[in-house]
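One structure, pasted below without further comment.
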């Protein structure tokens, strides 16, 4: 067994074929533990479906959203999942463009996480609608009513941004998968081979294919890179464009993007850590990668801490009474949402601090536990921004306290189940490590007797 | 594509340097019609084959991006001018600042979709457009290959010799032998 | 599958692919084929789809008010104001709207019943009643009528049918009537004319909450408005409890319970000294000195002197105790206020004898009635909407009813008393009946049916069919006429004939026949001709009864069309003479043991309990506490600290008579030694589905009457103990303070009185609000906003809310419920924050003032909600309305988040109106389904119809470019129409002469959250206060804000007058003292 | 072990869910404030249903009386507004009251079985249950008065009414041949929003009526709140 605690680059497999055989192991018969996890995930998803059924049947009243807090857990969770969905494309696109070496081991799993997280996030704008069955009105298509949409609405930007992001990251993800699925195809038989054959689009690995593939992949990375930064900016404009105090701030786009990367990287740690041990992938993913991810988290945590501070500074500096009131109230530990604020501050600003010690940054347990804290903290960050600003909006006579109903919790649980169902199915059926790119890191087989041009 | 009139030849290499030598010798011998197969995009292969010529996919990307941006501008502006009296929040009918977001997203989307299309077209995907002969499970594993799907019958011996001499571990030709590939 | 189903399936495919017609009817991709049921014979002047207005009067007794019932396609859908009625300002009393909903209550008795067995009218109920009355009369037993206050023909009819008429209401005017008998020798209610008052002194009467009728609210608003006479009426309230009415008072003197009478007498003494008044009134005041009164009342003697000084300065009027002042000396208190009015010179202008003269019984009379019933002296008891079983739990009324031979309920709705009656003869209610009322002397209101008795039309709907339900009701008058016919005391054939006959005799004769007759008589007397004239046969000519006169029919129809009749008695001052003496009770303090006094307050909307089963009354938040669907105990913070209770703790309140457990509401509106509890709730009757189980019956605390037989509601000592439990009382209010966000703004009353609302040089300069400054360089180049305000070709509709006039009564809100089909969501959903009211009356405490600020959609010019809607469901309409298209809404709720005023309401569910509530729905407004936003539309359906009406003003030609004038717009929306104080004024901001444009130039104009720059179409006028300093001119800031408007709103008149250099010049000096000096030129 | 834990976890999840949903139902199910649930799968309509208004043309429900516009308005040239007198005053076009029918049919063709049926309704004082053909959704505010006064012809929305309800006569041996009408009233137009808007944008009556302010009126005619309640 290799030294999984070393912080250096992992020892790669000796040959291309060894890499193939390492990864192909995921196709072995799954263990009972896998089925148990899948069962729990599917159950959670079904519970969410049940809650959503109630909500469609009886209306939004089964959720506890109330005046003036008209957005609650659904939008909080939406932003949370969109944020999670940032790390994958960040790692696969931006780190690809900057030729970062540690990207190779983790990018496929985090891309999968991105695609599934965005799929999860996409549920929420639909199911938070009062009339979700009218959601097709969001899309521009010619209709007899001659009606179109309001492209000045941040929600419309959201529709375009999230669907573009989903499309581009799904294509990027799939494009990366094609040569690897071809490997799976060539290692399987019968019907499975046919399915992989279809999914690999008949990839042959010819020089022509590789030439255009590499060009296209580069362009995808170049297109996806600004998209990563824009998507959460657009999501943040959902809030920043409304005049609600606590939302109406120019700092939101960078603040949200940093938060998204923060939560995304933490989620990559949370997901990959058990996976690495379960599939014994230490030759591909090891502490070296987690160390890099933790450093990303530390950077973005610092940005977030700065942003939190800056919100307060601007609240004071602007002398805007509404801003001041909302920020003062948020931070009041005895106020309605004081606890949420301090959970957020603890999880996002304090909890990552141990990672400044290399020892803790390289300890699997410390990495895993702190990453979970970060996930929780980032959910509460969105809860803080969305709920507390609305609950104490401009007219004091309408102030009220919002607490989610069981239906809302149920749909949150259901969305987690939905995400994990996809992710679990993915890791057992597709190469969660980018085999082809791993091969690029393995020295090519050379005979040496002939002169190489 | 079974419209081939010539002979099919396949050489399998286990070493990259041998493969590169093979390609080089084929090029020097002015033999065309070969296809290199590799489990990974080694830049040595692409360099020796393409000699630095860029992929035309970039034009697809550019076209897609420009088209997307135009569609974004037209979609937002034209649909809103259809309802000129609706000025939400007092904003003008054609407000370029908010539309810039839509245009940006459309640019990226158009670029990505056209790039996909370009890649599909240029790569010859899906694979049923490719000759079945260009298929060998070994090249997705650890081997490389050079395949002729339609070599002039007269060149067969010459080609086979080049392949063997450059270090191919296996050289087959004809039809049936090519399709009979080992499967592990 | 038959051919039809197949075609339907085919059609569904078409529908699904066309993706259309999925609006609010989303639930039905199939719509049932509706039926068109035309009239068999169309009634005259009724066109389907066009509303018909019936002038009628609503509610009974002294509160009767002229209104117009809006009839549409066979049913009354709304109650509007009667603009032509004199003596009352055009408004819709809250009670009128509550009656409207009560009219459609599913709990209404459906027909006559004996026990629970249904009867017919002609073959069952009426003969049984007739037989019972005849039997009672022949047995020498009494036939007694116990009912709510009624006047006019009904009283006359009753007197000819029954032996004893007891007209009683739990929180009625018994003390006032008894006091009038004591002081003036007759039993009546004095008339108060507040419009001319400059000082209103109430000893507990909630004059702005319905006491004395809605007329007084309107009158007070006139007195409060200084435009024209430069006087603002000052309102002082002397009471231990500050209710919604008292919250509007400029001075609240929290005296000990029961001591109001001492204060009133002490003030009267001082006033008499100051004015030098002498006469029997002074003598009647007895001996009282200021110091004693002050110490008993727990206030400074200086306060009493201050009140007296104010009162003596003229145009002052004192009001009695009302329900809250009904302590151990309730009657004496009323008497003391009468004497105070007389010595203060209020009579006969502000206080006169021309009030209500129909019978008013004392609670003592009920007790006597119970005794008579127990003694077996009552043969038949007729009950008409009176509920002593609930209101007087200790009277033994329920037991006594068992000893009466026949008990008959004429009540149209079930209540505790009606349910105990053996015979139920549900009477036609106010929208189905004929009748008249005389709330003031010489001012008679007619009532006519605005619709035929309620019935549900048989309508096939889908596969299940609705069973036809008919409310088989007959007017109480009709029944009494039939009984009277059997007794031989009534000759008229029907109740309508009876009414016509009486109107002929009493009104037509005096109005039309008497003048020529008098002239003829004078001529005859002058010429010596015989009088009455003799015919050719020598016998005197017998004139036919007046109602058979040829002119009577047309005359009566004209009165019906007007809905009222006024004769010169109504305008003639009725001087009152003090004839009696008052025996002043020595001990006015509450009885019983305990350290607190319970103040029993009629619920602000439910009243004495009559509207407990009316969902609108329950759902409308209490103006002061914001509590809905409950009773609660208001406790002073000091007392609460002493008891160790917090809001929503349960306390037990125990008097010598009984105890109740209810929820704590901590407020400074009570004295520390008092606890206030709402009356009218605590019904436990399954047949009152909306009242059942709501709150507790606070009447359980009171039992005794005062020395003169009036109920001493607030005369009981109680002990308050914490039970340790918690309650689930439902509040709708958030914060009590407006956090200095300019929702609640005051002006100095004298400053306002001096300037009025005349266009000021600097709009809003009286309010003292500091506006955010805009850089001069920006205003100079007209760059105050990113985008210009949208252009409006003809109209930009706007509204003015006068927060000084608004007293928080809530009539606007209920009118909105009625007009715009707002669903009632019930207690549980209000707890979840789901009330649907489009108008929220924010209550803020600020300084010494309580502010009521009606907040509805502000129809902003730059609406934050519009730009965020992804599907254009909300947008800025051509008329400047912030339009909301319900069936385009997908329910993102982003608009609500963006709205700074939280004016938007969301449909969390698809609410269904239980039949027959659905018959009240306004057909011009769609009912909303789950998942869509809604909000105030400025009653766009009314705007649409009035624009259409002005185009079609000429029958043959159409003036397509007709513009609706300001006068027709001012009271157009349902809220503005209903407001008794006319605090809401609607109009066109594009019209430079309209009221809304003028008020925007007023010195007390302000916009809540103006610094958000949303350009509201609703402007607010600050509340006048006598307790704030005069505003220093605040040019620097004020100009900045003002200029923003001037520059961007372009053609909006005077705001333009001070743009450019003027404002900018001041902006250059930022110092306060310079502003002060600059302000001198105002 | 893991399996047991996961089973227990799932059971707990479901029982919590069940109890929550039951509690939710109880909260919602208050007969005093009834709610209408949304149909999850609105697959099949009621037996007397039609496809939601406005989707398809050619809809012709069966009517209680085989009335023929072809005879009344076409052959006998009775003006539309003689019977539909409300159209100039009201938002409704106004199906005539039976008394209007009886104005003539007290004397005209009294022996016809259909007229006798009308007379029967008249004598019983019951309305004739006509089935609605031109049905707009409840959220639409359509005013006949505005269209009639603007000079829009009835046929522009209702189609060639004068040609509808062409009768055939069957001699059943009675005194009068029995009239049969294939389709009493057919909806010839879609009544959809786009259809309304097209007319609002182009109808010449706007220029004729509004003169200089025609442009404003055109904008007003496109304003949502002109037609939506």
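Think of it as A, B, C and D in the order they're written, each chain with its own count starting at 1.
As a working rule, contacts are C-beta pairs under 8 Å (C-beta built on N, C-alpha and C of every residue); 3 or more make two chains touch, one makes a residue touch a chain.
Everything numeric in this text was worked out from a predicted model, so none of it was measured.
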{"item": "Contact-richer chain pair (by C-beta pairs counted) among B-C and C-D", "value": "C-D"}
{"item": "Between subunit B and subunit C, centroid-to-centroid distance (C-alpha), Å", "value": "80"}
{"item": "Length of the line joining the C-alpha centres of subunit C and subunit D, rounded to whole Å", "value": "40"}
{"item": "Whole-Å separation of chain centres (CA-atom averages), subunit A against subunit C", "value": "57"}
{"item": "Cα-centroid distance, subunit A relative to subunit D, in whole angstrom", "value": "51"}
{"item": "Numbers and ranges of subunit D residues touching at least 2 other chains", "value": "28, 35, 37-38, 192-193, 219, 223"}
{"item": "Multi-chain contact sites of subunit C, meaning residues that touch two or more partners", "value": "18, 20, 22, 26, 829, 864, 867-869, 872, 875, 878, 888, 909-910, 930"}
{"item": "Overlap residues in subunit B, where contacts from two or more other chains coincide", "value": "83, 85-86, 88-89, 91"}
{"item": "Touch-based graph of the chains, sorted into line, ring, star, complete or other", "value": "complete"}
{"item": "Interfacial residue positions of subunit A with respect to subunit C in the complex", "value": "58-61, 64-68, 70-71, 128-138, 143-145, 147-150, 152-156, 159, 238, 241-244, 321-322, 325, 390, 393-400"}
{"item": "Touch list for subunit D against partner subunit C, complex", "value": "27-28, 30-39, 42-56, 61, 86, 89-92, 94-99, 121-122, 125-132, 135, 137-139, 141, 143, 145-146, 149-150, 192-193, 209-211, 213, 216-217, 219-220, 223-226, 228-229"}
{"item": "Parts of subunit D lying in touch with subunit A, wherever the complex brings them together", "value": "2-3, 5-6, 9-10, 13-14, 16-17, 20-21, 23-24, 28, 35, 37-38, 40, 190, 192-195, 197"}
{"item": "Residue ranges of subunit C touching subunit D (in the complex, touch as defined)", "value": "4-5, 8, 11-12, 14-15, 18, 20-42, 47-50, 460, 462-463, 689-690, 793-794, 823-826, 828-829, 872, 875, 877-879, 881, 883, 885-888, 909-912, 914, 924-927, 929-930, 937, 940-941, 944, 948, 951-952, 958, 960-961"}
{"item": "Interfacial residue positions of subunit D with respect to subunit B in the complex", "value": "219, 222-223"}
